[in-house]
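Each chain carries a letter (A, B, C and D) given by its place in the written order, and its residues are counted from 1.
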Amino acid sequence: MTVVAEIRKLRVETGGRAIVDGVDVRLVAGRITALVGASGSGKTTTGLALLGAYPAGARVSGEVRTVDGLVGYVPQHPGAVLNPARRAGALLHDIARVQTRAMPRAERRAAARERVLHALSLAQLPDGETLLRRYPHQLSGGQQQRLVLAQALLVGARVVVADEPTTGQDALTKRRVVDQLAEVARQGIAVLLLSHDLDVVQALADEVLVMRDGNVVESGPADRLWHAPRHPWTRELLATPPASAGPAPAEGAGPVLQVRDLTARHGGTVVLRADVLSLGAGGCLAVVGRSGSGKTTLARCLAGLHRDHDGDVLLDGVPLPRSLRARSRGQLASVQYVFQDARAAFDEHRPVVDQVARTAVRLRGVAPDRARAEALDALAGLGLTGEPVRRGPDELSGGELQRAALARAVLARPQVLVCDEITSGLDTVTRRSLLDVLAALRRTRPDMGLILITHDLDVAALATHVVVLDGGELVEQGPTREVLSRPRHPFTVSLTETSALLTARARV
Amino acid sequence: MRSRAALGVLVMGVPLALALLGPLFAGEPGPRAASFTLGNGHWLGTDFTGRDVGREILLGGRSVVLVALAATLLAYVVALPLGLIGALTHRTWLEELLMRPLDVLLAVPSLLMILLVASVLTPDATGLALLVALVNIPDAARIVRAAAAEAASRPAVEALRMQGETWWRMAVGYVGRSVARTLAADAGVRLTGVLYLVATAAFLGVGVAPDASDWAVMVDRNRTGLFVQPWAVVVPALLIVALTMGGNLLFDALLEKRRRV
Amino acid sequence: MSGVRSWVVRRLLLGLGQTAAVVLLVFALTEALPGDAAVVLAGDQPDPDRIAAIREAMELDRPAHERLLDWAAGLLHGDFGTSLVSDRPVSTYLADGFGPTLLLAGLTVALLVPTGVGLGVLAARHEGRFVDRLVSSTTLGVYAVPEFAFGVLLITVFALRLGWLPPTAVGYGTDLLGHPAALVLPVVVLLSRPVCSLARLVRAGMIDALDSPYVAHARRYGLSGVRLRYAHALPNAVAPAAQQLARTIDWLLGGVIVVEALFVIPGLGTVLINAVAERDVPVVQGLAVVFGLSTVVLNLGADLVTHRLTPRAGVAA
Amino acid sequence: TGGSASSEAAAEEDGKPRRGGRLRAAFAGGGAGETLDPHLSSLFSDVARAKALFDKLADYGPDLSAQPRLAASWESDAGLKRWTVTLREAEFHDGRPVTAEDVLYSYRRIADPEQAFRAKASLEPIDLEASRALDARTVEFVLKRPTAEFPNVLAAFGAYIVPEGPQDFDTKPVGSGPFRFISFAPGRSAVFARNDAYWEGAPHLDELEIVVANEESARINALLGGQVEYAHELNPTTARAHEGKGRIEIVRLRNSAMQAFVMKTDRPPFDDQRVREAFFLIADRRELVDGALSGAGEVGNDLFGKGYEYYAADLPQREQDLDRARALLKEAGAENLKVTLDTSPVASGFTEAATIFRDQAAEAGVTITVKTGSKDSYWKDILDSGTFASYRSGAMPIEAHISQRLLTDSTTNATKWQHEDFDALYRQAQSTQDKEERAAVYARMQRRLHAEGGFLIWGFGDWIIGTARTVRGVASKAPANSLDWARFDKVWLA
């Protein structure tokens, strides 16, 4: 048990507020320590402290000690630390050059290459040489992540901080990330895992610290914490999501929305093909699939945001114009879309409630005052009350904004509501409350069709029907229970198996 | 950064105040003296036609400032809708129709353009402002379009579309507002460029009346007396430099603020 | 890469169109100028008979579009036509003026990049400190001074007062390389504004880049300061500056006109000013072709550099 | 009898001439379109170059009277219609003698109806068909009408003698002038070398280079920086800055440039003689000279050619008299007169003078709007259109001024001064052999112009030249365009 890094009594204060207060972390070689907690609880701040990085102007007290100062860092968005103007291999080569500086000139090149390749293979990028010649944006998210990991390994870091490595990733990718981190730990490197994905934490962590509002409320070995959480907050965080599939399918009338022979393209390449797809009134359709399988594209075709497609989208049997611009107000109101990134979908300069109210004004012709009252009602119905909604979006948290976005769409009284991954990137507690809101919505608007895009099988379980996309092809569809319990397509099989595996591993 | 902005305001304030208030204090013209002389009640000496430099300075800011500001403003008045429409439209032909002619203008050296157009039309101050604005439109429109295209591709605009918002509210209310900072920064540089163009045009014998009470014209016209009576050149030149420097300091500070956000 | 190639081809075609449009525009403008070459030649002896005779000798009585078409047809064979005023081929005008202007512009651009980038990086390294203040305020100040004023100042100080450098290039003709001292001041004047704007852009870009997570990341992994600055931060700072560099051709041309007049350098700027003054339309058109083409090529180059340095942003023609 | 008194006087002042050296002279030029064809001369730089390589039969002395050059002498018959000119012994640079045939060839070339050489109008009185060579060195010119001032024609601007036969002027010009050709780069420089065989004696300089520098600042800078020894056409302010400072010499050529306003006498408001007189009286000539010419000049008296031969110097100098001007305007019913004054930056001092006069007129209740026109077509624009415009003229004999600008059929009659009786007076002068009598006729004409002409001539500007301190022999009594102006064969470097 060699302690390779230690944080003691860390307190970080910005603008008079302690964002991290009295945190102690000990990282041991070869072991994985996880920090869990709600969004904004101070996980990233703690992790960055190990790198000696603090928010600008922060007052820091406490002690941070690492063995040799070399700490690898795999941020949540690895793209951010990859230089967009340089090829992927640039930093790796530079690091290797520094290391081989002492060698005779003739041997340097070969030695540097050797080291880079070794680090790539450790990071499970065996065919890395071709990747090195690409630019970061030409790599997938998973490859970017492994590349950054390879950099950390090449430096010879004894500690690696991995910040939210699985957020927004599908189950298969998640599994690969888990494997990678396990491999890293096996090489004797201490890993600090910052995550709110409890499956991943459960599968990997040896030690878990639970944070809340900058404090560690509970810590201990993973097993103990999982089986006997002491702090109520930990219990709340770890509570398993409701397994209910929502209200019974109330499909009475015919389909509200139908898709026929849809082929969507991005600049010439076909990224989605869907021959038939239909959503009944009051039905709930889950669209699942790996990252990049075309889920968002499908949703955007329905919403009229993606014009580059053939085939028809029919609303009550009438084809919808391809482009949003050509749709009538009634048509706009009928199909509403909730964006994946709620913050980006709001105008940062105007109060949230005003923006929500505009839906009623523009799409239903409600007078501004009435619309505002309706908007406040709708927001309150989603648990958003008080001052914050009267201010700009930056004063709301991600989860709150997600609900406001939902309210904005709902105010149009749509026949079809499309929600694109509205729960990813949220901690379990927030996520649960949002799913509850959706379930309540379905109860109050029984005629509304709902489309949930997700790669989270737990969320998919809420739906009455499931559509599985793979590589832009619609590979399987049917009632939820059927598809998830008896998957036929190999991809669906692997998807359900992987989820099961992660859960199983966590149970070990 | 605040100090920088304050410095900018200060440095810009002197010429601006002189330009706007100067004419009120200028008073009646005295009799002409011999050109380029010092003393005899002329604090800053006389200029190339024997007028009092001090009075000319009081009078000469308004046109510079107005021409430069008007030209800059005008360039944006045209460039803004062009750029916004170019960025917001999904009709490629419309975008091409709007942007390609600007590319052609961009390929004409601006001084050549000014020289030619000015000698065809022999413009007055308004004409000069129009001309300088014209030369600045292509570049400004490109910048607006680039900045606006980024803003227009944000989900927020799609959300507005989803809500059936008016074009006006999207283009001006959201996209226009989002690019305002970038444009403010660009405007600082452009203002300098415009002042420079006006002054250089005067150097090449184009534009405002040759004896106009105008700082840029003064710098050029009194150049011959630089060694005999430097004030007639140095003071207006310093005022112009202060104007552009102050403007840039101010816009720099704005830019800085944006970066920090 | 084939995407890039087809893009370049499309850009070049567009550039040809642009150049043609420039020529048309310039032709139209020169035609619209008050008075024609005959009137200008007649000067303060505007004897109507004589003007009519000159007009006939210059074939100015032919319709404008015919003259333009003839000229354009000649251009296809690489023939720029002949000057109205001297009857000498326009190509000799271009060839004679090209050397000095190219030398000036080339030297300026060659010095512009290292100086501008160097100053920008220097200021960015010392952001907010004395060196930065010095560089920032100097560049700001010089940027605000028009070339002719700056030129007059430099000549007064360095040539007339101190006598270190020749005040003009009078009498050196096109052999400027033989008199390098005479090139110093013109190049400095030409450099003044582009260097300032470039330095300011590079500074802003460098500060952003040095602040960026990827540079912090590279620093964390022990890269040397020099490598960090020049190999990792700079490429990102240079992309917006490259666009500015393309605009520099426009400035250079304006600057060249002023500098050539100030220092008596017989280059294209002088040829242009004289040709416009003499209404020597074929010469003006020939110059418009040269300037249009160089603008197009430089813009293309800048776009290529930008494309290379910001690979993420799709190239848009 | 060659040479002129003034240059010899200058030579005495400056000590004994020294032979050798190279003089570089900077002129404003005409760009890459320049040529060495002397008949195409139009700018000062053209004339300076033509003068170095070629000769005219006669040229203007300091008072703009014709002085014999290649012509050794001339005499006319009683009717003043047949002139016999005897050439002096001179040879071209290629060794051929200058003959009567060369003279006729040159004049016929200039008069070629296909061409538009500038001197064509000046040679118009000659009937070249009838004129002939009496022998190798005698030409008999037959004129279309009596012309007492015929020698002025021989001295006309651009009437240079070139050897017979076509030649390529830009690469190998051959003339009879004091310098031989070495090289020429249009718009940049022309290099010449001493012609040892020059008929008037070889120049002192070994070489002469005429360089082109269009910006005045560039010319003075080059002079100060030692890059040239002679800078032509400097600003009065520049002159003031350097005069007497010991660094360079400033030479002022008096009476070189007439400065005026033209009033179109054929249209309102200037068709009323009282309005014209009122305008004469509005001008404060001193203020105009001080303001527009920076004091570098003399006031004018509404007559051309101050100090020239036949100038009516006895007429009283006109002074500003606003009361009388107002009274005259009132009389003419032209109170609150509004006039547009056309001007252009085509010549230095124009726009300054225009605004100064505007202010002066305002005091007499006349509103003048100054309209700045295009530089390049200015002269043509004001010839027929407008009513009131800035004007200037270089030096020329008073006779030429009258014949070119003040006769009914003059081609550049900008004042639209068209009076039969005035034309008759001119014809009378031209048929008067006796100089005294002729002078009396000129005096009558000038009295009339002074009283009611269309030229408001307010001043005469100096032509300013800067030279290095080593330069000697530069004539100072030589209005621009006269013989001793830009004459480099008499100059030497001390």
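Keep in mind that, in the parts below, a contact is a pair of C-beta atoms (placed from the backbone, for glycine too) under 8 Å apart; a residue touches a chain by one contact, two chains touch by 3 or more.
Here the structure is a predicted model, which means the values were calculated and not measured.
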Chain pair, B-C or B-D, that carries the greater number of C-beta contacts: B-C
Centre-to-centre distance between chain D and chain A (centres being mean Cα positions), rounded to whole Å: 89
For chain B paired with chain C, centre-to-centre distance based on mean C-alpha positions, whole Å: 21
Intercentroid distance (Cα basis), chain D paired with chain B, Å: 44
Chain centre separation (chain C, chain D; CA means) in Å: 40
Numbers and ranges of chain C residues touching at least 2 other chains: 33-34, 152, 273
Contacts with two or more other chains, residues of chain B listed in rising order: 119, 223
Junction residues of chain D - those touching two or more other chains: 217, 373-376
Pairwise chain contacts under the document criterion: A-B, A-C, B-C, B-D, C-D
Chain A contact footprint on chain B (complex, rising order): 90, 154-156, 158-165, 173-174, 177
Complex interface listing, chain B residues touching chain D: 29, 32-36, 48-50, 119, 122, 205, 209-211, 223-225, 227-228
Chain B contact footprint on chain D (complex, rising order): 216-217, 235, 237-238, 240-242, 287, 290-292, 294-295, 345, 351-352, 355-356, 359, 370, 372-376
Of all residues in chain D, those that touch chain C in their complex: 24, 26, 30-35, 42, 113-116, 118, 120-121, 185-189, 209, 211-215, 217-218, 221-222, 224-225, 227-228, 373-377, 379-381, 383, 392-393, 411-412
Contact set on chain C toward chain B in their complex: 14-15, 17-19, 21-22, 25-26, 29-30, 32-34, 137, 140-141, 143-149, 152, 156, 193, 197, 204, 207-208, 247, 249-250, 253-254, 257-258, 272-273, 276, 288, 291-292, 295-296, 299
